[in-house]
Structure formats: C-alpha cells, structure tokens
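Labels run A, B, C and D following the written order; every chain starts at residue 1.
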Amino acid sequence: MKLHEYISKQIFARYGVPVPQGKVAATPKEAGKIAKKLGGRVVIKSQVLVGGRGKAGGVKLAKNAKEAETLAKSILGMEIKGLPVRKVLVDPAIDIASEIYLGITNDRAARQPVIIASAAGGIDIEEVARTTPEKIIRAHVNPLLGLQDYNIRDLSIGIELERKHWPAFHEICKGLWEAYRDNDATLAEINPLVISGAGELIALDGKMIIDDNALYRHEQLAELRDLDAEAPTETEARKYGLTYIKLDGEIGCMVNGAGLAMATMDIIKLFGGQPANFLDIGGGADAEKVAAALRIILQDKNVKAVLFNIFGGITRGDEVARGILEAMNQVKPKVPMVIRLVGTNAEEGRALLAEAKMITAETLAEAAKKAVAAAKS
Amino acid sequence: MGILAGKNTRVVVQGITGREGLFHSERMLEYGTQVVGGVRPGKGGEWVLDGKVPVFDSVKVAVDATGADCSMIIVPQSAAPDAMLEAADAGIRLVVCLTEGIPIQDMMRIRAYLDFKGVQLIGPNCPGLLTPGETKIGFIPGDNAIPGNIGVVSRSGTLTYEVLYALKLVGLGASTCVGIGGDPVKGLNFIDVLQMFEEDPLTDKVVMIGEIGGTDEERAAEFINQNMTKPVVSFIAGRSAPPGKRMGHAGAIVEGGEGSAADKIEALKQAGVQVADHPEQIPEFIGK
Amino acid sequence: MKLHEYISKQIFARYGVPVPQGKVAATPKEAGKIAKKLGGRVVIKSQVLVGGRGKAGGVKLAKNAKEAETLAKSILGMEIKGLPVRKVLVDPAIDIASEIYLGITNDRAARQPVIIASAAGGIDIEEVARTTPEKIIRAHVNPLLGLQDYNIRDLSIGIELERKHWPAFHEICKGLWEAYRDNDATLAEINPLVISGAGELIALDGKMIIDDNALYRHEQLAELRDLDAEAPTETEARKYGLTYIKLDGEIGCMVNGAGLAMATMDIIKLFGGQPANFLDIGGGADAEKVAAALRIILQDKNVKAVLFNIFGGITRGDEVARGILEAMNQVKPKVPMVIRLVGTNAEEGRALLAEAKMITAETLAEAAKKAVAAAKS
Amino acid sequence: MGILAGKNTRVVVQGITGREGLFHSERMLEYGTQVVGGVRPGKGGEWVLDGKVPVFDSVKVAVDATGADCSMIIVPQSAAPDAMLEAADAGIRLVVCLTEGIPIQDMMRIRAYLDFKGVQLIGPNCPGLLTPGETKIGFIPGDNAIPGNIGVVSRSGTLTYEVLYALKLVGLGASTCVGIGGDPVKGLNFIDVLQMFEEDPLTDKVVMIGEIGGTDEERAAEFINQNMTKPVVSFIAGRSAPPGKRMGHAGAIVEGGEGSAADKIEALKQAGVQVADHPEQIPEFIGK
C-alpha cells in the first residue's frame, strides 16, 4: 500500500529525518494561508499516488501566498493519470546545492533489506540503474542484525559524500531505517535528499510503500489507504478477502489460486479473447465469498462472458458450487457462464451445479475456447 | 521416498484444531500420511479426528512424544512466524508452512534463522508437497497425481494441481511435487529443488511452473544450463498480467523493470528448457 | 550494578508487568501517609541491596497506617548486613494463592539469554536448583531473534501453569524481557511472581542488575547507583577508572591487569600474607591514575605494606614509574613499598624509580615474599 | 605460522589513529607484524607512523586495497560492536578485538553473527596473540617471549606476559600465545584453542591460564581428559578472591555457587592437568 508524500514525510520526521516545514491543504484558501505563514517562495505539490507529477504539471513554484492560492486552485482541479488531486502539499522552497537518492527496499534474491544511495538523486533511480549502474551504491542489511553504522559508512564512502555531511547523513539513514522497520515498509525512499545552499540535508520528497501482509499490525496505517488509487470494485473485493484486479477485456474470470488465475487469463488471450479481470477467490472460499466475487465481476459492463475455473484443493468444489448457485440467484446474470470444476469435492460440486444452466468444460483449454466463443456470440 | 518426504515421514500439524487444519489433516490421513500429532497451545491432551491424532501444547512436546521429523503449519497469519521458529528449535528437519500473508520482513528474519539452524522450509503461502503413493503434506489433492518419474516444482497452488491432473490424464506420474509458494522471500527455491531432482534416482524429468515477479526463474535457467542433465519443461504464468500490479501472490508483480513473463520465458528457452504455452500442453512436451 | 526493589518494580511496571501499587518512603511519617492512602494492611520493606531482608527483620506486615508508621520507624533505623536502611517500600498486602519464580539472565556457557521459571517461587532459586533441579524450567533465547512466544509457552508448559493464567503470564514474560533487553540487564527477576487469591498475577518482589559495561548508554540508570552498597574507596576508585575491591588483609596491592592482580593476591596468601585489596590500574594507566590508586590503597588503615606489580604491555613502565613518584610526593607514605616492574618501557621506569627509596624485586615470588616480610616488620 | 597467525598474516588495525592504536601498531611493526593498513572512518587517505601505514575509511576499502585477512580492533567501547561486525562483513577471517567494556548483550549478538559468518574472533577485552619470532597482533610485549614448542592460552593479559617471561627466563619458548580475554561471552574459548594446539605440529606442550568465573576451565578439563594427548600445565588466578565480587574482568566473578578457583583446580587435576600454585612455578612443571 502506497503512502502519500506528505504522510511519508510526516513518518520520516518522527524518526528524526529533517523535512521541509510544510503542510497539506485540501482547498486553495488553506494553501494560501499555509504559504503566508511559511513566508517567501513555496512549492505546491499535488498529492496523488502516481509518478511523474512534475511533468504532468502537478508541482509548481509560487512566489508568494497569493500566487500559491491561485496555483493550488489549478492543481486541486487536476486529474493526473486518471487520479483526482484532492490535496496539495505546500512546502517552503529550498535552495538546492545538490541532490542525493536514498532508499531502503527488500532485495528478494538476497533475502535481505538493501539500503541504496546515489549521488545522482532527484531523477528516476531505475533510469540511473540502467544507464549508469556504477552510480548506485548498495549496502545489504542482515535481517537479524538490522542496520549497522558501517552499512551507512559504506554508503557515504560509495557516493563520495563530503565528510562534513557524514554525521547528518548518518542520522538520516538511521531514521529512514527505523521508519522502514517499524512500519513494515517494502520501500522507504527519499528522492531527492537535498543538500541545501546552507549545507543542510533535507528530505525534499518522500515515498513509502507498506507491506500489505503487515497491515494487520499497523491499523493506523491501514486507515490511510487512498481509495482513489484503485478501482472501487477492487476496494469492494478486498472487503470480502478477494483479490480482484480490473483489466480491459471482455471475459470475466473467477479462479481459485493466483497462479491458476494468471494461467486462465493467459489462455483466454492465447485463444483469441481478452481477460476482463484477475480474480482469485483464495483458499477455502465459501458461498458468500463466491457470490460477492460474481457481483464484482459483473459490475464491469465490458464483461460479455464469465469463466469459472475452480481446481479444488484447500477450496472445496461443493462450497464453490453452492456459492455459484447462490450468486446466480442473487445476481441473475445475463451473460453466458462457462464453468470448469476439478479436484477436492469436485463431483459433489458438479452434482449441485447440474440444476444451473451453465456451459461446462472438462479441460482448461476447452473452457477457455468456450468462453471466448460465448463472448463473441 | 521422494526428494523430501516419504511414507516414513512423521508429520506433526501445527494448528490442527482449526477448521482447515482438521479438514486437511483428515485428507492427509486418508492418503496415508503419518500424521502423528497436532499442536495447539492450550489444548494439549485432547485428541482429534475420531481419537486418531493426539494434540500437544508445543512442538517440542509433540516431537518428544511422537518422534516427528516434519511439521506442517496451518495457523493464522499472525501466529505463523512464531510457529516456524518453534518448529525449527524443536528439532524438526522439514517445515512446510501453508499459511499465507506473512510480512516479508518477518520472512527475511525467519529464513536467516532457519538457514542458521540447517532446517529446510517449504513455503510459506504454499500448497505443500506430495510424494504420490506415499505421503502428502499440505493441500495438494492426492487423487490428482499418480506415482511416476516426473519431478514437479511450482510457485503456484492450484496451477500445480492442474499440471498434475493433466499429467495423470495421459498416464504420467510424479516422483515428488513441491509447491514452493508464492511469496517473495521463502524457504526452498527453484534451484534447491532442481538440485534435489537432479540427484534423485527416482526422477527422470522435471516440470517447473513459474510466474511473474522476481528473478528466480532466470536464476533457475542459469542453474539448469550449467548443472542439469535431466530434461526440464516449464510453464510461466502471467504473460497477460499488467506491470505494477500484484497478481494475488505477494511475490507476483512486475516492477522496477524486473519479473516479466517474457524475460523468464526467454531465459528458460536460452537454457534449453521447453516452455509450454498453457498448462495442459505440458504432458505433450514432457512425453516426448 | 544492582537496582533497588522499588526501582526494579517501577521499571517492570513501565513494561506492563503488574506490580503492587505501593510507594517508597524515606521517613516513618511518609510511610504512614502512603499506608493510609493505600488503606488496609500493608507490607513495609527495607530497600537495601542485600539478600535475606526478611530474615533480618527488614520486612514487616502492618495492620494499619499507624502500625505502618511505627514499623517503618524501626526498619528505617536498622542496618542489614552492614548496610543502613534509608528507604522503605510500602506496598499493599496481597492475598497469595501461589508463588512462581521468573527471571532472565545470561547463560555464559550457552552465550544466550535464558529465561527461567519455577513453580517453587518465593524462596532462594539457587537452593531450588540444588535440591530439586527438575523444578527449574529454562528456555534459551536466541540473541539475534529475541524472546519468542514459544519460549514463553515452553515455560508455561514446563511449570504446569494453569491454562487460565497463560495469557497474563505471557504478557509478564514479554514485559520482563523488554525490561531486560532495553536496560542491558544481566538479571531481571521477579521472585515471587504471585497468583493472588483473586487469580491475578502480580510481581511482588523485583530485582535487576545492570551490566556495568553498558552503563555508558544508560545515563539515567547510572545515576541510581546506591553508594551505600560499596566502600567509599571503591566509589572513589571508579571515578579514576580504577577497579578497587577492599579486602581484610594487610598488604596493599597495585597491579596492572585483573588476572595478574588476582595472581598477586593469591601469591601473597601463598607466602603467608593477606591481601588488603584487589586493585587493577587498567591498561594505559598514566601518572594521575597511579597516584590516585596509591592514595586509595593507603586510606585503608590496615595496610602495613604496599606491593606494586607492574608488567608492561599496554601499560608502559615509565608512565607507571612517574605516577608512583608523583604519588609518593603527594601522599608521603609511611609504610614500606615493594616494587616489581617488567615489560614495555620497564627499563625507563626502573631508571626513573632509582631515586625513590623502594624495595625492589625481580620475580613475583620474590616481590610477594619481600612484601609479606615488610608487613610483618 | 602459529595456530592462528604467522609472518604472512596481513593485519589491518581498526582505530589506528588513536593514541593507543598508534603506539601498539608501531610496536607491532617493530616486531615484524605486517600492519598493512589502518581504518578510521573519515580519515581515509591519510598515512600514519612516518608514512608507513595507509589509513582507510572502512575495513572493506582496506581489504580491497591491501588484501588484509586479519583485523585488530582498538577502538572506543561504544564503537567496538560495529567494528567487529564490519570486519566480519568485509571478509576478514580473524578478528582480534582488544577493546574492553563491551556490554554482554552486544557480545551475545555479535558472537552469534560471527559464528554464522564463520569468522574467528579473539577477545574482546584481550591482549591479542603472539607467534614469537613471526607476528604479534595486540598488546603482548614481544620481547617477553622466544619461539618454542609451548602453546599458551590465557584469559588474562599481564598474567600471560608474566608466564611467557618466566618461561623465557629458563630458555623455554612459545609456539603461539593466545589471550582469549576476560569477558564472559567472547570469541575463541579454551576448548577451541586447546583443539588447535592438539592439532598443531609445532606445539608439544600447553599452558592454560584460567581464572575465577564461569565454567570454561571445567569444560576445558573435560576436553583435555577426552581429547588431548599433549601435556597441559595450568594456573588458575583468584583463589583468594571473595565470592560475589567482580574481580576487574567482567567475567571474573564467583556467583550462584559457580566459578570458584577451587572447583576449577579440582576439575583440572581430575583431568590429569598439573596446576601450579603461582605463575612462576609453571616453567618448572612444564620443563619436566
């Protein structure tokens, strides 16, 4: 789960990372007030969970409070990559001498957190990694030890940081690490970490992604989820413990298991169709869950057919069948339904489904072909 | 005996008294798995499954009483990290963790500790393993697979059943099937299991089922190229998945220009691996 | 460094361990007031850093506030094993159903913290360990992992704790662990942890020992040192970075290195003398330190001779010699001084010392024999 | 080559720019030790000791530049834990930590980590090691010992010099002398070093110097009894120490009925070890 810039920076600040003394505003008037209080030039930054805000015109410099209000008004009316701007961050403008990249993420292959720094900050770090990989300095952190002072020194040495900045950089790395660790982040990033004209290190921008699997122990963070950043059906699906991702095709999919759901999407495409969604009903799905899943799939008006692919393991065929029957009863779908049911309690499930009028298939390929055909009819 | 477990493997089930714990323990008993005990703190002394399986308060007590060498974990998300560490410290040599939703920072610590203790872990967020005709430890429906000479290793659950079932339909069987799980940080990885299959006299061919996210398949391709003599057939799920979206599994995401199905398929093909277009094509490829 | 019971319990309480709601008093009047506020029967407990307070009459039960004041008066006037009672803890009397021992310490041999529990609480745990070792349940804690839930369950199972008490015991173990870890304790102990008649678990007594080596990062704890518990010369020695332990003999020792200091004491005894002290001037001792050491040794009126045994390694002989000369100048000792100086810069040291009138020796045995003889003369 | 280091051992000194760091590095250079570099964060690029030794910002940089395989740590108390871990992660195989006063909880974590990395640690709070005629890494004054066939291992610093000196006076020399340090949790222990001496072709006899506190000597006695063929002579300091008092070294305390000199001496005698009454008696015993 991504956190907004202003929330990430608030968290960083709690761990002693210096951030600009700005505030967030939901109206142009508020933005003007904040700018007045700050005095001098300010930066108005749209708070949306996508990259490229600057290029899209979502970050502007204002000379004074009046201009701040005007610019905030225009930014608060924008949509950036489809997301409405509901809040802007009003930060004092900082005199920038140089820019550093600093981030902590999980290195899957090494099974360790890795703290990454680069003297080439302020720009897309993946771009730096591609074009000038030698400018990216990495220090792995042993997960049983946590960040050690020498990890930080390795970074300071690697990015050739002027020695007078070592102590400030040290404290910022420690703060960022604690923010990453305490909040179960999968990414905690400062880009850019600027060195101001006055020689101070300040986190100008901030980004955090929280491990969805850890939200159960971070209730306050879980409440900060920005629902604008996902389709309303995705939000609804989560309530039922379903993973649903909306796509652009015409064949709705309901599958148990993430791998099989992907394979089902793939095979639809292989046979000339386009999947309308990814949907994993998860392990041990019961009737209520399946009914909810069907409702969610059918909210997508592009859907011309639905393919059920259920392979019983932890999920039992009879339960899924009952769920489908119940859902059919509630939703009364108008589109053709193709079903394939195999595995644990599949026979019981098939027996239950005999009464419903559904197109049945034995193999996945057959099911996919029938769904593609049904959608075209 | 499969590469990891066989008919003599003595399994204790952590979380046996839960609904799913009971259901799957019963399936395992039916299959012939030696479920010698269950663990549920505070319920030690009870018996479950018609008095067939004793429940213990801790893995240590269970191991002392039953001589279990393997633990299957099917406890709630928040209890799973402790359960894995408990099993490792109680002298279990093989831990199979089915539980889903464990935070990645926990898994990094747990994996580091289990490595240190020399304990093998399968999962978490996995369907477990099956040695057809001998034992099943986890969710994999036993009747979908017959004994044979094909080693199967997979990041997915149901997709694995799909492949086993497709193999069975044409009379092909598996030596061992290992579902390594869909999390970004986990226990045994493709390379570990491929190595075991390469060394296993009962395995002649290998099926490897990957998916988007991470670079495990690319590293497996390198390993196959350099170290494997047995033929490998593969399928990679997620060719139609959009980048930046987590496709159900915590580890199934294309991000930072890494983890696409295309890259993985390319790497595997370069390593001489036949890559199927869909799961039911695998029997055809492996049969050749 | 040992902490008083009331401080230990305050720390435990901060980590969620239930403790009696008592308070500490320095005067009988204060004690009476606290007892009045608490109401009902109270326990008056002397706060001194020695064991066996109960047997010595330092713990008494009072029926009411008036009796509390009277008993506090008598206890506050006591000395227990040579230590004056300056404070008493006034705790509400608890109705005890059973007593548990719970403690965390460092297992040197295993190089791990160990959490120890016993259903035979309330009495000396070392005695339990000797007579009925099977009643002591130990769970080692991996230092890289910290205390895990299953460690606690192993204890609950081992001491056959009634299951209804597991949750409360769990929280107490976790709290005690955090108190141990965060404060760099070498011992964090609750003895007894009582189960009250009402079925509540309460830490009736508490004891913490803090790792002296870690006090540099626990300034607030360092300030709590009770100077009554050590000889004033030991306190003075610490100021100079010296380790001094007063003993009962007549030959003062000044040695560099703890092992050599012990060996020097041992050989004095072997040749018929008695060491007056242990004193390690440490590594790299300079003139000021040596002078301070000599003053401290000579404050002990039993001292009839002083033996200097200096083997230069990190400590350089010339520096020690200069220190001795300076100290002789300041202190003008009346007792005979025997010196043995070997190792790094020993020759320079010996040259410097040639002017002082001291008994010199080549070997340790010779030095010890000369010191014993000098003390008897 | 001694059991742990020899004339080819390449040493980097962490904390070389401090007063003690400089003093002892100079002594080591005089003795012939290959002090190939020093480390002081923020002073990389400087040279010390008349331009003989380069200073680096980190152990990693120093190892890359000099090929050092051993690190000697002589930094302040609060910097020592980090220094040990840094050395271990930089590929150093032998860490000698002289620094005193490291909290025991830190040492438990550090030791667990170094074990995991397979890095050997001597100390902390130790005088280091000496291979007479080849190399000295630490405080042990080189001119107190001559090369010979006696292995010396000790928990004490100056008491070790005392013994080496006493041996030298009668013409006896040491193969290697290891000061393992006076802390309760440390790197190499008596048993580890005794094992190395037992296997070392250049060592014929062993001197072991113990002291009160803990049970290391008792365990060493058991090891000697079961595994050693070479004669061992011992001295245990602290027979006159009162119980419950920490005698200078963090580990030198008789407590909980454990760690008395009498117990240790008894255990060693039972194991056939000759125990001297005072250090200068050792040459007489070992000469026999």
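Keep in mind that, in the parts below, a contact is a pair of C-beta atoms (placed from the backbone, for glycine too) under 8 Å apart; a residue touches a chain by one contact, two chains touch by 3 or more.
Remember, predicted model here, so these are calculated numbers, not experimental data.
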Review point. Common contacts of subunit B and subunit D?
Key: A, C
**Study point:** Relative to subunit D, chain with the most remote C-alpha centre
**Key:** A
Exercise for review: Please compute the C-alpha centroid of subunit A, do the same for subunit D, then give the distance between them in whole Å.
Suggested key: 53
Study note, to complete from the structure: When centres are defined as mean Cα positions, the distance from subunit A to subunit C in whole Å is 54
Check your understanding: Approximately how many whole Å separate the CA-defined centres of subunit C and subunit D?
Key -> 27
**Study point:** Overlap residues in subunit A, where contacts from two or more other chains coincide
**Key:** 142, 144-145
Review point. Listing for subunit B: what residues touch at least two other chains?
Key: 109, 113
Revision key, fill the gap. Given the complex, residues on subunit A that touch subunit D span 142, 144-145, 148-150, 153-154, 157, 163, 166
Point to revise | Of all residues in subunit C, those that touch subunit D in their complex | key: 106, 108-109, 111-113, 126, 130, 142-144, 181, 184, 186, 211-214, 216-217, 243, 245, 247, 255-263, 265-270, 275, 278, 280, 283-284, 311-315, 342-344, 363-365, 368
Point to revise | subunit A-touching residues of subunit D, taken from the complex the two chains share | key: 41-42, 44, 57-61, 79, 82-83, 85-86, 89, 109, 113
Exercise for review: Could you pull out which subunit D residues touch subunit C in their complex?
Suggested key: 19-20, 24, 27, 77-78, 98, 100-109, 111-113, 127, 139-141, 144, 154-162, 165-166, 182, 184-185, 209, 211-212, 214-216, 219, 235, 237-242, 245-252, 256-257, 277-280
Point to revise | Residues on subunit C engaged by subunit A in the complex (per definition of touch) | key: 144-145
